[in-house]
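Structure first, then comments.
For reference, chains read A, B, C and D in written order, and residue numbers begin at 1 within each chain.
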Amino acid sequence: MSNLVGSDLFVLFLCGITFAAFAPFTPIFVTPANLANILIGCLPLLLLATGQTLVLITGGIDLSVTAIIGLSSVVGALVMGGDQGWLQGSPIAMPVAMASMLATGALVGLFNGACIAWLRMPAFMVTLTTTMFFSGLSVWLAKKVVNSESIYNLPPAFLAFGTHAWLALLMAVIATLLAHLLLARTLLGRWLYAVGHNPRTSLISGVPVGGVTVGAYVFSGVFAALASILLTAQLETGSPNHGKTLLLDVIGAAVIGGTSLFGGKGKVLWTVYGVLFLSLLGNGLNLLNVSDFLITIVKGAVILVAALLDVWRTKFVRGP
Amino acid sequence: MNSTPTHLERPTTNNEPFIVFDHIEKAFFGVKVLKGVSFGVGVGRIVGLVGENGAGKSTLMNLLGGNLQPDAGELRVNDQHYAPRHSNDARNAGIAFVHQELNLFPNLSIAENLYLTDFPRIRPAGTSGRADARRSGLPWINRRALRAQSVELLRQVGLDLSPDTLVERLPAGERQLVEIAKALGANARALILDEPTTSLSSPECERLFILATQLRDRGIAIIYISHALGDVLRLCNDLVVLRDGEMVGGGPTQDFTHDRLVSLMVGRQLNQLYPERRSPARPEPNETENVPGRKPALQVERVSQPGIVRDISFSLAAGEVLGLSGLMGAGRSELARILFGLDPCASGEIRLNGENLTGAPRRRIQRGLAFLTEDRRQEGLCLEASIADNMALVTLPSNSRSPVRFLDYTRINSAVKRMREAVKLSPKAADTQAVRTLSGGNQQKVVLGKWLLAKPKVLILDEPTRGIDVGAKSEIYRLIYQLADRGAGVLVISSELEELVGLCDRILVMRHGEISGEFRRDSFDREKILAAALHFLKK
Amino acid sequence: MNLRITFSPTFFTAAFAIVALALTGCGKSDSGAANSSTSSSTSAAPDQVKTIGVAFETLQTEFWVAAFDKLKADCAAKGITMLEGVADGDASKQFDQVRNFINRKVDGIIIVPKDGKTVIPMIKAANAANIPVVLYNRPADPTDAKHTAVAPDNFAITKETVTYLVSLAKKTGKKQKAMILLGDLGDVNAIGRRDGFEAAIKDAGEAVEVVARIPTDWNQEKALAGVQSAMQANPDIGLIFTSSDFMFPSIKSVLSNLGKWKKHNEPGHIILGGFDGDATAYQLMAEGYVDATGVQDVYWEAEQAIQVIIAAKDGQISPTRIDDQGFAITQANLKEMESRMWGAVVATKKK
Amino acid sequence: MSAPNSRPLLRLLDFAPGALFAVVLLVFGLMSDKFLTTDNFTQILVQSSSTAVVAVGMTFVLVTAGVDLSVGAIMFCGAGLAGKMALGGQPLSLCLLVMIGVGLLGGAVNALLVTRFKLAAFIATLATLYIGRGMGRWITQTRAMNLPDSFLALGSAKWSGVPLPLWIAGGVILVAQLVLSNTPFGRQLYALGNNPAAANKAGLPTTRLLAEVYLICGACAGLGGILALSQLGSVSPKFGEHYEFDAITAAVLGGTSLFGGRGKVFPGTVLGAVLLKSIFNGLVIVQADPYLYPLITSAIIFLAVVLDSLRRVAEARLNARQIYAAPGQI
């Protein structure tokens, strides 16, 4: 048992249990259509949590992901929007828009990272304030430029990410896979862990600590932008409000997966399982017509249990 | 072997023991770490406790401190049976510890550190007397009493500082004294000094020794744990030698010599702590230029940093082991940090094999510079990471394939494997084990191995053997020579003059951020070297 | 262990990808199947509406709760099972809930959207599955997607209400300073009400000057702080309009602190108006503190919504827009109109 | 670089929060003559009282290098329960007691998770935040509740010319500051926050200290909830949202370190709390564009955080040991 608890697959195993637990009560739960729903539904969370995982591994935290979603959603829509978009109708609108969305994410990440790595500001406060600022900025942008809080009528080429589920899925899976390879197989990956373990030792051992830290936040920003692309396409609207309520789930999913908030410990794969678990749970309860506040409570309890299990894991499996 | 508690009651000790270890046994997971250790610590005696790491010293002290309980045998304090369950029990029994790594809180004032656990409190009128000012009374700090009592304690350890000074403003030596003052404050009758001198400069050590003898004469029983055998022989009245949990020697200090202690500790005649150099000592640096093929590995020219170091110039030849001596705070470590690019350098040039060294540590490492810092735990290791990860850290870039920088794990693992054997890392430890779980010696070997993997052209070692047992020490010396014989230049910083004299081809002495002397192996003279380090004291 | 670490990630991620792709495939084909099955079931039992999915953007205020309860009650009365979803202001969460409804082949979906745009893809999704959609209280932006919106004319009702307030202001004979508590600037209703307010003020010409526009994001504490500060800046404010009745308590708290919480027939009374017509507003009007509020007929809207779905079952197409005429209830017409004010009903129920 | 020229700089930066505060007041004061009036100031103080009290509790937690994200949720639960009781005709005093009780309960849960189960404070309180908000919505059935006027009376009551909320907040602040600076408990907290392992070795009752800190924070949350209710007079399902962030921000603005061992309730945290409210109040008074509120506010907060980090850098440089410049010290 403790072997299983210690293994990578533990959370996946939990997913299985949840699945088995719900199946008998709600037949719809196991229908392919519903499972497909869960998959599509969890993609933005997956991307966000993956980006967050890298930041957590460096011992930081990025609260600004939701703000990034809103901002890059608005930016993208402003570029390609059919009504007042700068490039409306032009064939290059869609690629340019997506590029600018990713750029937005990268820039915000760069700003966060720079403040944290080079100005030595606490990540929590930096990303807290940038959240406030950039979500405010996105509302302001939409208001000033198109005088409305959200932008509709986006080019169909872009909406494909929403209408063709497999496209969104492909994008998310590829991105996640890349993140996994980066973390598990490349130099930067090892450096991220090292910085999370001990920045001073890392610096003295020739790790470009500042650069690595900034990299993590840029990465998180870009992944938030990817999530923004999915949400914007699914809802066919560029809006500052997208994903506003996701933050807690993002951190929750990473933690449930087993990533440590103290840095140095975590895997993309764990996070994938964490996301799956949260989504299965949410969807199942929803189908059982469980009232909304009960779902919130259960989520909290799950995070608690996951954290407890993690303590248990480190105690009994890694040994004292 | 006279291992009964009576052996110290011979005429040499005229006082009855205050602390008595009576056939103490302790085992972890069936492995015996203490095998019936028995001795006593007399009132007004300093007992030196020596032994390699893992000999059982710390276990013994943990028993005394109440962090562990013995499996068999009895502890007696003041002829009372004594079975502590918590560090507070030890405090109440009048036993105080001064640990290797200090336990002061830099963000608090000296006074607050001294009385953290039992602040003098405002007490309602009526009750009186200093004793019940503590613990009893309102939960309200009596600032006046606190200040007065603190001043008194500081006076006893010979510090005249305002008790409101924040500890973060004190140099290591003064912090050490504050620790002792704290022990006195808990009016301790027995004092355990665990490696107290590791971070002290020589004058600070002197100050500490004088204080220790004063306390002894005031009737305080002292246990003094240290690897610096010279100090032990000078300071202690009685010695106890542990090896593998057994007491292999004990008695009044005059029965022991340095060599006997060492052989007792390691159990074999370790007649040469410093292995043989295959190649002879290096020639003078000024010759190095014109000796063909012996070009200088590291050249430092007029390096200055306001307030830190002034006008430092020297040259380290390939294959040379150069010692850097001087007092704590003379600027040795600071110089090393500047050379490695950790601290800014206002003016001057640093050349490695002729190329200028600039920029972040990363770029200097690429040029072949390596730096083993004095703070192993904070700057040398990722404690929670595995042995393999720690060892591989520096050489990761060279083991990754561009452009995506994929890592070649087979190469990394084999390299780590080779290095483990090269540094003779304890084979019990698995590659995936966290270095936190290793002994100090093995941890240091991991750090050294990490740097050796990078095949450095110049290696700077800052206090490489601090707090490490004799066996590991000579292991590290051997590795240093190996590296030098392969043609690398080695710069060794150490506070133990003995070590430098035994190890180096040449010794530079620093003082006040300047180089105050240079000695070649054939002209090593301890007095002269010390004089160069202390010179200003005579003025 | 080592083995697993090296192999499992790639392996599982790959597996994940394959399964996933397969599933989405099925998902699409299945939703196709869903259409046929629903259509067939319609032909089988034409006049039977068995389940309705109700997705609310929020339950943050009395108004939404009242609407929610009404829908629940009516469904129960008609023997319809009502599936619930509350999205906490998260459009994508709402989309998930709508997708769930579609999977469960409900006979109709009632949505309170976060905004007029993000709801359109949801409508399309429902259209694809031949499930009728009703937007409750918040209309969608212009779209060709088939749906019916049962919503009040925020602009008109607000304008009517504020015009009444302005007429009171004019009666005072002197130029009045006015303050408006804005809603969430991302909410179409909030915008509509703001515009209605501004329009009415514009018509008033010189009589009224707006000196404070407080953003509240539908948050009572922000409203409180805002009103306090504004009253500080302009102690002589004589007219306050709140974009939703549920912020009256904040206004009351400030005014009573300043000793300006007066009935409409007392001297020093500040002209107060709101929107929704909830129980609080009713009580305050009955007590004589509030002068007018724009009432949207929450019950009527609920009945309409369910009616539309039943009609759709019978194959009738309802118009895209059903207006809740609503009306401004004022101290002048309180007596005869209060029977149509849902807040009054709730209030009397409470007693 | 060296001591002499960074001294004044450090002094300056030490006053950063205060200076920033002064600047904000000055700017708004220049833009509107309505801003710098005693009335308006009492106003601001009353508005910030609840945030301040919650932030005081938060300061205790932050000093021990912990964090409590659940304060807002705790406030909501307490308010919901109290509201239901009040509408059920229970006496005001009982309702208030219940709110503080709920606060203590929530604090106890956090304390248990952090001390007994050794969970990271961030995670533990994140979970209790979820659970708390869920329970609150369950208690209130997500309905807005309008409380009896007795609550509002509490808020508008004056004692010798000063509003009751100010008396309460002032009392809490005074006591908290004295506890932190002048009791063994307080000083031990700083030690614990600076180095838990050493604190444990030194024989401090670390577990008990931690537990008590979270209890205090919970109680403060309850009290803060009361102050908020006494001005709102109603409980909406959004009640207490983002209080955790406001409280942390206030504390950090006041110079409290998120890494433990540093922080003052007065003036620090209080100053931070008041600064936050003054910005909002000022923006309203000068009739700024509603869309700019978050931008301006966050910009000011950001500035404060930057200044604080600069201060830390300067301090580090100052404490860097001199080797020959100061011959007294070797």
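Definition applied: contacts are C-beta pairs under 8 Å (C-beta built on N, C-alpha and C of every residue); 3 or more make two chains touch, one makes a residue touch a chain.
Not measured: the values here are computed from a predicted model.
Colleague: If I rank A-B and A-D by number of C-beta contact pairs, which comes first?
Modeller: Between A-D and A-B, contacts are more numerous in A-D.
Colleague: Tell me, please, which chain's centre (mean of its C-alpha atoms) is farthest from the centre of chain B?
Modeller: That would be chain C.
Colleague: Could you give the separation in Å between the centres of chain A and chain B, each centre being the mean of its C-alpha atoms?
Modeller: Distance between chain centres, rounded to whole Å: 46 Å.
Colleague: Quick one: chain A and chain D, Cα centre-to-centre, how many Å?
Modeller: Each chain reduced to its C-alpha mean, chain A and chain D end up 29 Å apart.
Colleague: Please compute the C-alpha centroid of chain B, do the same for chain C, then give the distance between them in whole Å.
Modeller: So the centroids are 71 Å from each other.
Colleague: Nearest whole angstrom, what separates the Cα centre of chain B from the Cα centre of chain D?
Modeller: 43
Colleague: For chain C, what residues touch not just one other chain but two or more?
Modeller: Residues 59, 86, 185 of chain C each touch two or more of the other chains.
Colleague: Please set out, as single numbers or ranges, the residues of chain B touching at least two other chains.
Modeller: none
Colleague: Could you tell me which residues belong to chain A and also touch two or more other chains?
Modeller: If we look for residues of chain A contacting two or more partner chains, we find 139, 143, 291-292.
Colleague: Considering the complex alone, what residue numbers of chain C touch chain A?
Modeller: It comes out as residues 1, 4-5, 8-10, 12-13, 16-17, 20-21, 23-28, 30-31, 34, 59, 83-86, 88-93, 95-97, 99-100, 103-104, 114-115, 117-118, 120-121, 141, 185-186, 191.
Colleague: Within their complex, state which residues of chain D touch chain B.
Modeller: Chain D residues touching chain B: 1-3, 182-185, 187-188, 190-191, 194-195, 198-199, 201-204, 261-262, 319, 321-325, 327, 329-330.
Colleague: Considering the complex alone, what residue numbers of chain D touch chain C?
Modeller: 32, 34-35, 37, 39-40, 43, 46-47, 141-144, 146-147, 149, 152, 155-156, 228, 231-234, 236-239, 241, 277, 280-281, 284-285, 287, 290-291, 293
Colleague: Which chain A residues qualify as touching chain D in the complex?
Modeller: Its residues touching chain D are 115, 119-122, 124-126, 128-130, 132-133, 135-137, 139-140, 143-144, 248, 251-252, 255, 261-262, 291-297, 299-301, 303-304, 307-308, 311.
Colleague: Please output the residues of chain C touching chain D within their complex, sorted ascending.
Modeller: Chain C residues touching chain D: 59-62, 65, 86, 182, 185, 211-215, 218-222, 224-226, 228-230, 232-234, 246, 249-250, 252-253, 256-257, 280.
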